[in-house]
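All chains are identified by letter, namely A, B, C and D, in their written order; residue positions are counted from 1 within each chain.
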Amino acid sequence: MTRTVDLNADMGESFGPWNMGNDAALLKLVSSANIACGFHAGDPDTMARTMDLALAAGVALGAHPGFADLQGFGRRRIDLSAAEVTHLIQYQLGAAMALAQARGARLSHFKLHGALANMAAKDTALATTCFRAALAVQPDLRLTIMPLTAHQAAATALDASWSAEIFADRAYDDDGTLTDRAQPDAMISDPDMAAARIVDMLNNGGITTRSGRLLACPIDTICVHGDNAGALAIAGRLAAALHDAGYTVAAPDRSDPTRGP
Amino acid sequence: MTRTVDLNADMGESFGPWNMGNDAALLKLVSSANIACGFHAGDPDTMARTMDLALAAGVALGAHPGFADLQGFGRRRIDLSAAEVTHLIQYQLGAAMALAQARGARLSHFKLHGALANMAAKDTALATTCFRAALAVQPDLRLTIMPLTAHQAAATALDASWSAEIFADRAYDDDGTLTDRAQPDAMISDPDMAAARIVDMLNNGGITTRSGRLLACPIDTICVHGDNAGALAIAGRLAAALHDAGYTVAAPDRSDPTRGP
Amino acid sequence: MTRTVDLNADMGESFGPWNMGNDAALLKLVSSANIACGFHAGDPDTMARTMDLALAAGVALGAHPGFADLQGFGRRRIDLSAAEVTHLIQYQLGAAMALAQARGARLSHFKLHGALANMAAKDTALATTCFRAALAVQPDLRLTIMPLTAHQAAATALDASWSAEIFADRAYDDDGTLTDRAQPDAMISDPDMAAARIVDMLNNGGITTRSGRLLACPIDTICVHGDNAGALAIAGRLAAALHDAGYTVAAPDRSDPTRGP
Amino acid sequence: MTRTVDLNADMGESFGPWNMGNDAALLKLVSSANIACGFHAGDPDTMARTMDLALAAGVALGAHPGFADLQGFGRRRIDLSAAEVTHLIQYQLGAAMALAQARGARLSHFKLHGALANMAAKDTALATTCFRAALAVQPDLRLTIMPLTAHQAAATALDASWSAEIFADRAYDDDGTLTDRAQPDAMISDPDMAAARIVDMLNNGGITTRSGRLLACPIDTICVHGDNAGALAIAGRLAAALHDAGYTVAAPDRSDPTRGP
């Protein structure tokens, strides 16, 4: 029996003359690329170039919108009205859809970035606004959500297709949220440990927290990073470990029936 | 026999707290709205609000992209590569398409703005790049073009659907280009004169130049402005004169066969 | 005996092609101009043009920095570190100083804009960061502060020169803060009432609140607006009423000894 | 006898989350740092951080303004009026002056960036506008200029203090301009060759062109880069070669009498 899991990475986060990350290396490992849409990172040329690379690698394309804050990389909280959030998302999503369409492709998924994602994880109304905005433009988008958060509640209530995401290099607290980066053991830096931990979570059907507790939840996709050698090493080790454990790395089939809780 | 002509106006050119133009007044007169797409003017909220107004008024929506130059309002020349122009246009067009889609609407047309439009009017390769970029995203977009310029050559060679546009308040030179604004008689400010002149051009099937010459060309749409009382007076007087002369103001039917020269 | 009071207005809030306010009309009335510095409004050309107008009118120049948020006009809260706030302010202040210097002028005062001003009114540490940042660049700047708020505490602790500002068209609550705009009587729109109220406050040496209470505090400068006919009418009526009541409208003399509480 | 020459490098070209260059490594080698001012690169935080590093290393601070074009890194031509160029430069220069002042420092020099520098090298009126704008704000700034170009003519006519700059890694044509990067031998990549060539030019009192011709001109400062390992190797080898040849690397003394041709 073959089980399938998605590996995703945030990509296209360069801007103008500035490079960020190592998209080419990551694209050999992942099955889904979350493309920055020009507001917190990326620009039309970077988006196009990243999509070309992803399509050549057979990797699924997703929109990864964030706040309009290049200098802060979308990591600073900005209070917006529901209407402003709706337009912010639809604008960026549409831009990504058009660049995909121009290369004969379609977006498969949608993932919130940075402060917007974190705010929505704790605010079902905001998560609902974000997801509804996206689905009003492309109804079959698969939403990449953080399980056990307001993301999941909002996506489920909208009867949307969604993928539950965990992070390869981050520890979890007992409430299912990511351990604050200020904590000493918030980041998993050892590739072997990171890979083994993720395989365990997949096998166990839930998130293992720092305290050793298991929080049962769906796990459909694993986020890896490529912004330094250590991150790439984790991604590579994880891909190998998944293979060894009998998992096939692949993007979810969009024709699948809607995921329910 | 009823003849039909389109009246178009550039709209949604406000930005954040700054208002520009009088879209509400213009929407009572025109049949097509060219919506700024956030790079030279407009922002996601302004775009959404303008589309809502236009749809309520039964006015056709078009994308009106320009250079990424808010301070210069897209009126300053920027030298970009063909790839950069392509992505610039597709990004903005996609953003507008998504905001339209979110309100159950579709874009009907596409018109270049400012310096990009003027540069493309003299450069068939650039015009071709712009139009091809747009059509790769939405193939049935009707291109609003300046007749007798490289716009028309490019649109025709692409076998695209297009509308030839003349300006209600601008004089023309004998080569079919707009008289330079530095010339004393470049602008038509008298509403009666502007209206009579346009009706004559429609009846005569071509542009009447400052010297009195007639340049035969298609005329499908007339651009009016609303940025001051004088401009609005011209638009109002023109709409009345067209009615009196037996013309119906309406956007072209997208189901029409492709316009040929 | 002649008593002196300053009238100030926020100016130079246009951006690129977009106009805001009526600076020319206001400059006939006020003694101090707070110049937007390009982050929430204004651009280098608008700043230069506004300074030229203010200098021709004999009006004192001040820097009016805000958050880097053109679309939100600096009215949206953005959480920044103390270092980020420091650099944000010094950058904008220096830009304004240079444009003043290029026309043989010097800045006389400094006033925070929008959300940054409001956040600092409730946060002494933030107010101290803002004011210290400015004074590190030009130590003799007079700080325009909201009396009875953290602004006053911070400016006093820094032993800075400051001017206490009240608003001609806004009601006050009993804690000395501005009545929320959502309240029905938050705005004073009748010019006669606004003018009489301000003269009373000056004569009484304090702010009169909505409930009729008098909050004793220094009052050195009165902020007027010019963004619509009503605002200009208030400014004009207030200037006349101040004259009738024996006040001279003038900017504070920078050679004055430091204001203490 | 000790001869002195300046080594300069463009720095502070990171933006928000994006890093560019290796300022820390360069600061061990150079005597002058040209700090990007936030329009084509840099932001207030990056500027402050770079100045802190430069001051700790005893390196002279200069302003390095460019066009307002982050995505294009200031390398795209933008046509501006003389007034617009003046304000663009004064705004950026003032921002840099303020950040220097806040750390008890003063700018020593001024160097144009990218397309603006290249356009000014061929246009004496533009170069004069740029330099006059800067000197109106800080009259004792030393202008870093490209010798034998309109830069030198403008700086000389303004009776300004200036330093003539050559590039360590670029070939020159017989007219004194940099060989176009499209030419195969436009870049000097061998550290030994680059270093020997520069020492020869200093000893010979002029630029040696690709064809072997010597163009007599002043040489006061040499520009090195640090954006990759090769560039850093050239900078390091050049610093060593200058020492071996009896040169002291130091920024020009601002108290020197004005340089004349």
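Here is the rule we go by: contacts are C-beta pairs under 8 Å (C-beta built on N, C-alpha and C of every residue); 3 or more make two chains touch, one makes a residue touch a chain.
In this text the structure is predicted, and so the values were computed from the model without any measurement.
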item	value
Intersection of contact partners for chain A and chain B	C, D
Touching both chain B and chain D (chains)	A, C
Between C-D and A-C, the pair with more C-beta contacts	C-D
Centre-of-Cα separation between chain C and chain A, whole angstrom	45
CA centroid of chain C to CA centroid of chain D, Å	40
Where chain B touches two or more other chains at once, by residue number	71-72
Contacting residues of chain D [partner chain C, same complex]	38, 44-45, 47-48, 83-84, 86-88, 90-99, 101-102, 133, 136-137
In the complex, chain D residues that touch chain A	14-20, 41, 43, 70-73
In the complex, chain B residues that touch chain D	68, 71-72, 76-80
